[in-house]
Amino acid sequence: MLELRGVSAGYGRTRVLEDVSLEVPDGGAVAVMGHNGAGKTTLLRVAVGLLPVMRGQVLLDGEDVTRFRPNKRVARGLGYVPQGQLSFPQMTTLENLQLVSTDRAAIDEVLDTFPALRDLLARRAGLLSGGQRQQLAIARTLLTKPRMLILDEPTEGIQPNVVAEIEAVITALTARGDLSVLLVEQHVGFALRSTDAYYVLESGRVTSSGAGGAGALEAVRTAMAV
Amino acid sequence: MKHLQKWGPLVGIALIAIALLVVAPAVLSPFRLNNLGKYVCWAIAGVGIGLAWGRGGMLVMGQGVFFGLGGYAMAMHLKLEAAMATGGPDAIPDFMVLYGDGTMPGWWEPFRSGAFTLFAIVALPAVAAAILGWAIFKRRVKGAYFAILTQALAVAFATLLIATIKQTGGFNGLNQFTVFFGYNLYDPVNKKMIYSIAAAVLVVCLLVVWQLYRSRFGELLVATRDAEERVRFLGHDPANIKLVAFVVAAVMASVGGALFAPITGIISPSDVDATASIFLIAGVALGGRALLLGPALGALAVGYGRTSLSESFPDQWTYFLGLLFIVVILFFPAGLGSVWSQAVGRLRSVVRSPAVPKHRTAEPAVDDLEVAR
Amino acid sequence: MNDDYLEIRGLSVEFDGFKAIDGVDLTLLQGRLHFLIGPNGAGKTTLVDAVTGLVPATGLARYRHRDLLHTKSHRIVRAGIGRTFQTATVFEGLSVLQNLDIAGGVHRSAWRMALARRGTPSYVEEALETIGLADLRDKPAGVLAHGQKQWLEIGMLLVQDARVMLLDEPVAGMSAEERAETGELLRRIGRERTIVVIEHDMEFVRSYADVVTVMHAGKVLAEGTVAEIQADPRVQEVYLGRQAETSAAEASQEVDHA
Amino acid sequence: GGSKSGESSSAESCVDTSGDTIKLGFLNSTSGAMAISEQTVRDSLVMALEEINADGGILGKKIEPVVEDGASDPAVFAEKIEKLLTGDCVAAVFGGWTSASRKAMLPVVEADNGLLFYPVQYEGLEASKNIYYTGATTNQQIIPAMDFLKSKGVKTLFLAGSDYVFPRTANKIIKQYAKELGIEIVGEEYVPLDDDDWTTQVSKIVKAKPDFVFNTINGSSNVGFIKAYYEQGLSPETSPIISVSIAEEEAPAMGKDVTGQFAAWNYFQSVKSPTNEAFIKAFKAKYGDKRPTSDPMEAAYTSLYLYKALVEKADSFDVDKINAAADGVTFDAPEGTVTIDGENHHIAKTGLIGRINKDNQFDVVWSSDAPIEPDPFLKGYSWWDPSGE
Amino acid sequence: MDAFTTPLLAGAATGALLLIAALGLALTFGQMGVINMAHGEFLMAGAYTAYLTQQVVTNTDISILVALPVAFLVAGLLGLLLEVAIIQWMYRRPLDTLLVTVGVSLLLQQLAKDVFGAQGDPVHTPGWLDGNVDVFGYHWPYRQMFTIVLALAALGALGALLKYTAYGRQIRATVQNRDLAETMGVSTRTVDRVTFFVGSGLAGIGGVAVSLISGTNPNLGTTYIISAFLVVVAGGLGQLKGTVIAAFAVGIVTAYLTDWYSSSMAQVVTFGLVVVFLQLRPQGLFTVRTRGLA
């Protein structure tokens, strides 16, 4: 589904990613882990097209989309939940959702996943609490009906029972087999439970990778405890 | 290397001082030197703008107002001096006879005194900027609101001047000065002296901002520019920090205006209106607003560019001027000075300039506009 | 009893008819790590906002005989109450060092403000070491990663010498090791300070909390030790969820591995 | 150091008269708000220059023009004239329009002992030995206009002007003279130069119902005034306008049929004289059939010929010699014969009142018949009190 | 009575004109954050379009009606050109757009002068607008009523566009967070271009209305630009409702002040009042706040 080939990227003259290759198979789920500043967010930004590559290629369904703008990649099925509880602050919760789709049924469906948002539909997103905004962000992205979800620390700032809910949603969606996931997550347990492969990023390089599952926990911990 | 970093700016200021105070008077004709003097006045105002805009993030679009306060204060004194030189101690300016009823408004009276005038040149803009700034900053008006508000003030100020012919000379402004604090203004030696004063004032202003930039206040100002609300949670009132920069910038503009009057022999509404204010800004943008020497050099360059372009291409020069604005801002967002300092930076391979970070991709564009506040 | 505690009585915050905080009573004592948890939208951030002058509130919030609800933000900080923000906000254009130095500048005189910094003040040096950003001291804060910015914010509170620290999700987005380091740091500096931490990560709460207050819908739902809170069915209902047990089990397993 | 005040130093002239050309400066605003008016002055200066050069130049020297843009900014005028006089060493400068620009140039041209030829009607009350004023002063335009109004039996007058020096001073004179003539001023309104909205002011004219409106508006603001005037139902039948700044160029630009309105000038394209015919022909040949001729451009054209006449009479380009020879120098201008007053450096001009016809030309309805001697300070008018209101 | 009605009605017409100019700005400035100082020159382009249309469609009764859509198109395309050539590179530094567009405004003014001549060109009022109706002693020109109708029509069209189409949400989303909007599938490039086209096109329509007051001239834009910006600022960025109220308030207040004092003083006092007003409502009439430091 998504493939990064030898990607180097950065900001200005500083390089953050160095020759990173990574693949998310159709219907597969991949976790990316690493310390603060390792370059995880940068990697995802490259994948969605918010940051140009300095070298390397980004492929979507085998097609080179390196020069595509993000909205084109979204049209091809990418869905991105950025880090930092981002929303359109002056628009109401409902308008935030309607930006993506005005289909009432579809909106209802995501609201069932995040019932807390129902009471907040008329409130401007800028007034929501951090966790409410994060829930909105995920809901909004789900509404794009993506074939592939790119999530940057989606559970940051979310209350435990909703985290569990999100985990369940992701698991359910991937189980259907038509959704791929690229997940950046600090909760190693959660990350590995929800995915079937992992990459560990250190200072912009992939230092270890492997199949997911509970067995990988130990491997990841050692890889990260350098 | 460390020494260069520390003393580099001072060396730069010293070079400017030598160029302006030693080289220029030696090589330029009296006319060209006088022209240079005019650009120097703009540069003095520009240094202040660099402080307020480059470091403080306040796009002061109405510096013409302060330039005008100083310019008119000085011009009023020179007008009275000229009148008194021929008509005795009670003489009043000629235009008040021509356009008015031959009486002088009371508020002109103190400007007969040179000392009072010098005091007013500093105090008037300081008080005006303090009141205005206090009102604006305490109410947290910023970004584009601030820019357009100050621009509107420049328009209002110029309109007010034009509408008060009997008190300010109106559209004509104030001119026909003959004496500058006792010195004959037609004597080339004296003109050179006034030029030298202006150049020296510019150097002093550069030294002042040099110290401000390296001081903790300078860092706090940049912090306020980047995240004003956050500064509150360091225990500072950002309004006060901005106010200081705004007042200093206003005083510099005023001093520039005060020297502009005797150097050009005139101050009129078109020297202080919105367009004039934008040209002040343009110089600063060209040179590099966040740099130490950028604003001054940029103002000098714009002044020189206006003169030489209009001399070489009297009918097409506004095209060039327009293109200059576009090209510089588009391609050198941090000013032409940044090209140089980047080259130096590359040499040292350390970028220590506290200028705006080049890539602020993570932030929404609205931030600068405060739409979201 | 000493004066060094923050007292909150009957605190309420209302937005256009919506009660975000509804009569909260809290006493925050020095020397204890006080955790504030609760569902998204419970009013935790709003509580901190109210105490630091960011939103108008009614009721009472007092520290060292000072009425916080009628004090401007920057004066509250000067009184020794510091905070961080849920989305880290540092001065992007300034270096890490400058960020810290500025934070230590509250009580500098006007004259000293006009002077340049000479060398690195010892408390800044100390903070740099404490937050582990010593190597990045000359980097503009704007280029730091998410978690690094959060550390920088804590560092700024340190040099500010805040007696009360209100930390809004300071470890969100940090890896397990980094959380542990931060937790230890908080424990160390918490001995002579009053520290309130807002957090959703129950593992972290379990490891470091001395007292936990649970908020729900603008009210205090429960208060007590971690064990008491976890056992409270109401807290499980609105916050921890059905999986509270399983995730607790899993978490302890993770801790064992760490 | 430097000298204290007192000994005024007169600059040494740097004009180079040794070659077979002589440099003259043309200083008009070709950018900014005043370009609207000043461009036409520039055009006719260029035409006069070409004619003179084709005719052998001045004292056998071809004119070499040095062109500068005053940019509608008095400070720029001051800078540029200094550059022209001391840098380019031109023998004389031609240009300026607003009184602000003239006032800005005056001290410079005096200090450098240069020459400026100023081609626009203005508010008077000035005379410099270094400036020749080839447009009208008030007693050649404003006062004749008032005499004309009196002759028409006008009882009430409304004053509309731009908010700057010329209209305000002109109106000061008008008000004093109106009192003398027994004409009542029933309203006085000003609008900034760059403002086009005259609605509110015109509604006051509607209310005041004056016999005549005296219009001292300058530049594009006239369009706004004229449109508002007709929109609110005013017309030459009810309250006609007499203007001092609307000429052949402006009349068709109003977007309104202004037939029947009046203007006071010293030249109209319709003036019948062989010189004028030649002038019009040459102008249209050079700038196109559509371009009319008008008073300011005629005054500018005349100024260059007057300069030629002055130099040839003095047989020198030297300013002092020119000034010494100035009195009585004449030129057979398109407007008629004009004569320089050696005392005040203005010229004697014939006062004309024209009425606009449907071709946007002016039919002369009143004439002073003989040229009026310039009296910039209105010394010959007993009712004039400079310090009165 | 007429002392009351005259400024009210005349001021409403001025306000309507400001509103049309400000509506365009409310889009390009209020919504997109671009401080386009060349907006006045787009107004000028509209006025010249009115003049040129009259050269082609010589029946002045219909030429104005033809000129309206043509001016919208001409000014809109100019705006589009500006966006594509320059503005698109500058969305992340909105304050700088101010300076770039000052350059553009200089270029366009000089261009107009060189193409059309320094002297203005006439625009004839159509016969059906040539007249007035007596309202309590004020001879209210049809032209002023037309201006008001035109402004309200433009307002209605724009309001509907923003409210009832997806485009309205997309433009708001784009300005509030460009990257995020892009990743929500919004083509921010298209949104930018459409917005600039429509905003500039509105200026063209305003230009036609202005040409009925003052014909054409190369400096026409400078007369309106600062007042129009002031209106947008006082109205609150991104809020049409505020813009409308501010436009009419500025127009009518100026008219009363003009009536009582003078045009110059009215300008000065009105600017002063806006400053005072922003003291009371620092973010304009209706701009909404969000939480925290964001």
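Letters A, B, C, D and E mark the chains in the order given here, with residues in each chain numbered from 1 onward.
Operating definition for what follows: contacts are C-beta pairs under 8 Å (C-beta built on N, C-alpha and C of every residue); 3 or more make two chains touch, one makes a residue touch a chain.
Just so we're clear, the structure is a prediction, and the values are computed from it rather than from any experiment.
**Student:** Shortest hop count from subunit D to subunit E along touching chains?
**Tutor:** Tracing touching chains, the least step count from subunit D to subunit E comes to 1.
**Student:** Report which of B-C and B-E is connected by more C-beta pairs in contact.
**Tutor:** B-E
**Student:** Averaged over CA atoms, how far is the centre of subunit A from the centre of subunit D? Could you give it in whole Å?
**Tutor:** Roughly 75 Å separates the two chain centres.
**Student:** Please work out the Cα centroid separation of subunit A and subunit B, and write it as a whole number of Å.
**Tutor:** Using C-alpha averages as centres, the distance is 50 Å.
**Student:** In angstrom, rounded to a whole number, how far apart do the mean CA points of subunit B and subunit E lie?
**Tutor:** It comes to 31 Å between the two C-alpha centres.
**Student:** Quick one: report the Å distance separating subunit A from subunit E, using the average Cα coordinate of each chain.
**Tutor:** 42
**Student:** Which subunit B residues sit where two or more other chains touch them?
**Tutor:** Answer for subunit B, listing residues that touch two or more other chains: 159, 162-163, 227, 229-230, 318, 360-362, 371-372.
**Student:** Out of subunit C, which residues touch more than one other chain, so two or more?
**Tutor:** Within subunit C, the residues that touch at least two other chains are 45, 85-87, 89, 143.
**Student:** Which subunit A residues touch at least two other chains?
**Tutor:** Within subunit A, residues 11, 50, 84, 89-90, 126-127 contact more than one other chain.
**Student:** Under the definition above, what is the set of subunit C residues touching subunit B in their complex?
**Tutor:** Touching subunit B: residues 52, 72-75, 77-78, 82-83, 85, 89-95, 98-99, 101-103, 105-106, 108, 112-117, 138, 140, 142-143, 156, 160 of subunit C.
**Student:** Write out the stretch or stretches of subunit E touching subunit B in their complex.
**Tutor:** Answer in residue numbers: 29, 33, 35, 86, 89-96, 98-100, 102-107, 109-110, 175-180, 226, 229-230, 233, 237-238, 262, 264-265, 267-268, 271-272, 274-275, 278-279, 282-284, 287, 289-290, 293-294.
**Student:** So in the complex, the part of subunit B that touches subunit E is made up of which residues?
**Tutor:** 59, 61, 135-136, 139-141, 143-145, 147-149, 151-153, 155-156, 159-160, 162-163, 227, 229-230, 274, 278, 281-282, 285, 316, 318-319, 321-326, 329-330, 333, 360-366, 368-373
**Student:** Would you tell me which residues of subunit B are touching subunit D in their complex?
**Tutor:** 29-32, 34-35, 38, 85, 97-102, 159, 162-163, 165, 170-173, 175-179, 182-184, 186-190, 192-193, 264-268, 270-271, 307, 310-311, 314-315, 317-318
**Student:** Can you name the residues of subunit E that touch subunit D in the complex?
**Tutor:** 2, 6-7, 10, 13-14, 109-110, 113, 117-125, 130-132, 137-139, 141, 143-144, 210, 212-215, 217-220, 222-223, 255, 258-259, 262-264, 267
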